[in-house]
Amino acid sequence: MLEPLRTEVCEANLELVRRGLVIYTFGNASGISREHGMIAIKPSGVPYDKMTPADMVIADLDGRVVEGRLRPSSDLATHAALYRAFPSIGGVVHTHSRHATAWAQACREIPCFGTTHADYFHGAVPVTAPLTPEEIESAYEANTGAAIVRRMAGCDPLACPACLVASHGPFCWGRSAAEAAHTAVIVEELAAMAWQTLTINPAARPISDALRTKHHSRKHGPGATYGQPGR
Amino acid sequence: MLEPLRTEVCEANLELVRRGLVIYTFGNASGISREHGMIAIKPSGVPYDKMTPADMVIADLDGRVVEGRLRPSSDLATHAALYRAFPSIGGVVHTHSRHATAWAQACREIPCFGTTHADYFHGAVPVTAPLTPEEIESAYEANTGAAIVRRMAGCDPLACPACLVASHGPFCWGRSAAEAAHTAVIVEELAAMAWQTLTINPAARPISDALRTKHHSRKHGPGATYGQPGR
Amino acid sequence: MLEPLRTEVCEANLELVRRGLVIYTFGNASGISREHGMIAIKPSGVPYDKMTPADMVIADLDGRVVEGRLRPSSDLATHAALYRAFPSIGGVVHTHSRHATAWAQACREIPCFGTTHADYFHGAVPVTAPLTPEEIESAYEANTGAAIVRRMAGCDPLACPACLVASHGPFCWGRSAAEAAHTAVIVEELAAMAWQTLTINPAARPISDALRTKHHSRKHGPGATYGQPGR
Amino acid sequence: MLEPLRTEVCEANLELVRRGLVIYTFGNASGISREHGMIAIKPSGVPYDKMTPADMVIADLDGRVVEGRLRPSSDLATHAALYRAFPSIGGVVHTHSRHATAWAQACREIPCFGTTHADYFHGAVPVTAPLTPEEIESAYEANTGAAIVRRMAGCDPLACPACLVASHGPFCWGRSAAEAAHTAVIVEELAAMAWQTLTINPAARPISDALRTKHHSRKHGPGATYGQPGR
């Protein structure tokens, strides 16, 4: 079932490879059919070059596998937690991409140093609090999702479409699996730029509220002027 | 109209992709016909792999669209401001290329640390002052152009063919759209080298006036000895 | 003799090229047949693009060449020392890959800054003590192996499948030559991420014991939940 | 005349492109026939993708053009100075490759931080003193050569096959044009590694004399054990 979703999710996973965000079997993308309440997610540890839509695993919103010959990504419970908490999202991507992971490992949010960043995020890319030993030892993946959801409290997930998990890496999302993969590519680029910005000027400051708001509203919301109408 | 210009501008945009300066729909190149007083510029948010000369948008020097099915790049007013202020230029390129953007985000000019830089710039790659909230809130793109023009006061734009916009990214130019794209590639390389230079030696100093002038005059002006005569 | 081993070792060497870990004739991979007590290793200084399984050199566990027209890699004695000390391993890879070598040259272990690292290593990637002039001047390659073995005392080599040699570069291993090459790619990625982590936050700390243990046990040991059963 | 030399020099120039050391018309390689006392060098400012052996310019040891339709590289006088001073060399390469140029711009020698470096250089990659305004203003290119020759006083040019020109970039050499191009690739890699080494450990120290000598003598001189005999 859910053939179009399987195809889109498989394609989003392959996009991560093409963009250089994952090596070997790293990373995973999923998408959801809100109509069916079903998630399609990458299987665990399967090489990308042999992956087909039929390999995607279907699970419900509690992360229980409903259809699929293969074990789902070990991060399924994190994806499910995000889908439950953020009804506006349709896709989730997790990678260990180099630059974004470095920020996660540094336990630092990625400051909004420029308009490239403001075009996508209405502020910093946040980072979760470290998980407690108790959160790690049982229901680790679900608790990872809960840590992201807690960190995102009060934020519109589409105005802040990613969160770094401390000591781990980025989780990114969007209205679809394709958009989540796009976000993951952008977050990696923002992370690289912010790293170099900080090296050039350790006292670099986030951009002004006025500039941040201007750039975000050029691309998002009713007054958007970027791109072509109706696309 | 302006078919050769459309073709050259489309090609300059594609060169940015080939050189790795832009991802997705980032960046934009334009060119001008001084004879017609008309600018050809990339449409906004259109994927590079589907872009053709016919998609270029024609606008006048006030940034009013004269011909084109598509919306022009949202940075058109900035390009137009540069064409009005710098009569010697024939092309403008704006990117969010990684290294140059890091310097812009750091709000630091790129010092002239070496002869690679001096071959193209008679001094640092300058950075604008931050825009005020008033400049951001209305006529933002035109004010971005004005900030560049103010920063360039007293400089020959062909001896300093780029300026970083603070917290934003590089605007580059040249006698043609192709030359502006070439400049953008060079600025990205200079930015990468300068970043590493500073990391190796935080006390690194700009090169001497004598060396700067020597290299610039080897490639530019009546005494140039670089390249082949008449090319 | 040992045709399948020759083929696997040749392929592991070529994988290093494909992954960008070696240039020119840098690097070497070997594998062992425990049944025969024989090592197959890359010949010294032969271009990768002309290398065939027949070029692999067969040596015994004391590093004496048993079969082969070509001189073995000059690091053979180091490989042999590792095979003698670590009965559980089946392949060894040595590279001068950029990021891992930088850590070796800095004489610093690579801290376990994140879960990417913990998925493969139950702690830091260790670094040997510097070799003494005496160790360098005679039986240098064997003494390099001895320095690794000393540094690994008390560690399970499969829970810590690499060691940096101070002022030199990484030696990596695994259950097979292919797995050792895989480890070498991972170590290079971990080294790159850790470098950037440290630049972003010079006070970055290794991850908690709980998180380190959780990630390692998700991929290794009887409770592993990563990947597909029986693969 | 000198067809084989023209071909080898053209090929060395193209190798710089393939290895990512040059963009546009940056860089130049030359070779010498000691028998004829003639240098073949890249023409100035000609695109690499159109370059053929027939485009190489032939000059004598004083840097006077003897044969060729095109203007020689503007750095010809530097190459000629090196050939006159170092009778054992047969090829010279100059690039503005990113990492090596960053060290030159930092006016810092590249310390011998590891065995990768010691395999090629018996010590640091040196950097010249800055040129004086007088040296820059007249006979600049010849004086650049003289600055290198002064800095190399007392060094065997084949045991130290490159020198950084302060605020400029690397000049590399070898027994042939091909070997000089090889050196240029190695110097770029050593520069990248040393940059990262210094970032990881600002107190990093050059390797011990014993280790430096051991690695250099493994690859060079009568006791060499690296590679295949007679290759």
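Letters are used for the chains, namely A, B, C and D, taken in the order the chains are written, and counting of residues starts over at 1 for each.
The criterion applied here is as follows: a residue touches a chain if its C-beta (ideal position, glycine included) is under 8 Å from a C-beta of that chain, and two chains touch if they have at least 3 such contacts.
Everything quoted here is computed from the prediction, not taken from an experiment.
Farthest chain from subunit C, judged by C-alpha centroids: B.
It takes 90 degrees of rotation, in steps of 5, to superpose the Cα atoms of subunit C onto those of subunit D. Averaging C-alpha coordinates per chain places the centre of subunit B 33 Å away from that of subunit D. As a whole-number value, the distance joining the C-alpha centres of subunit B and subunit C reads 46 Å. Each of residues 199 in subunit B touches at least two other chains. Applying the touch definition to all chain combinations yields A-B, A-C, B-D, C-D. Taken in their complex, subunit D has these residues touching subunit B: 23-26, 43-46, 70-71, 74, 96, 98-99, 101-108, 130-131, 133, 136-137, 140, 167-169, 195, 198-199.
Residue ranges on subunit B touching subunit D, taken from their complex, read 113-116, 182, 185-186, 189, 192-194, 196-197, 199-201, 204, 207-208, 210-211, 214, 218, 225-229, 231.
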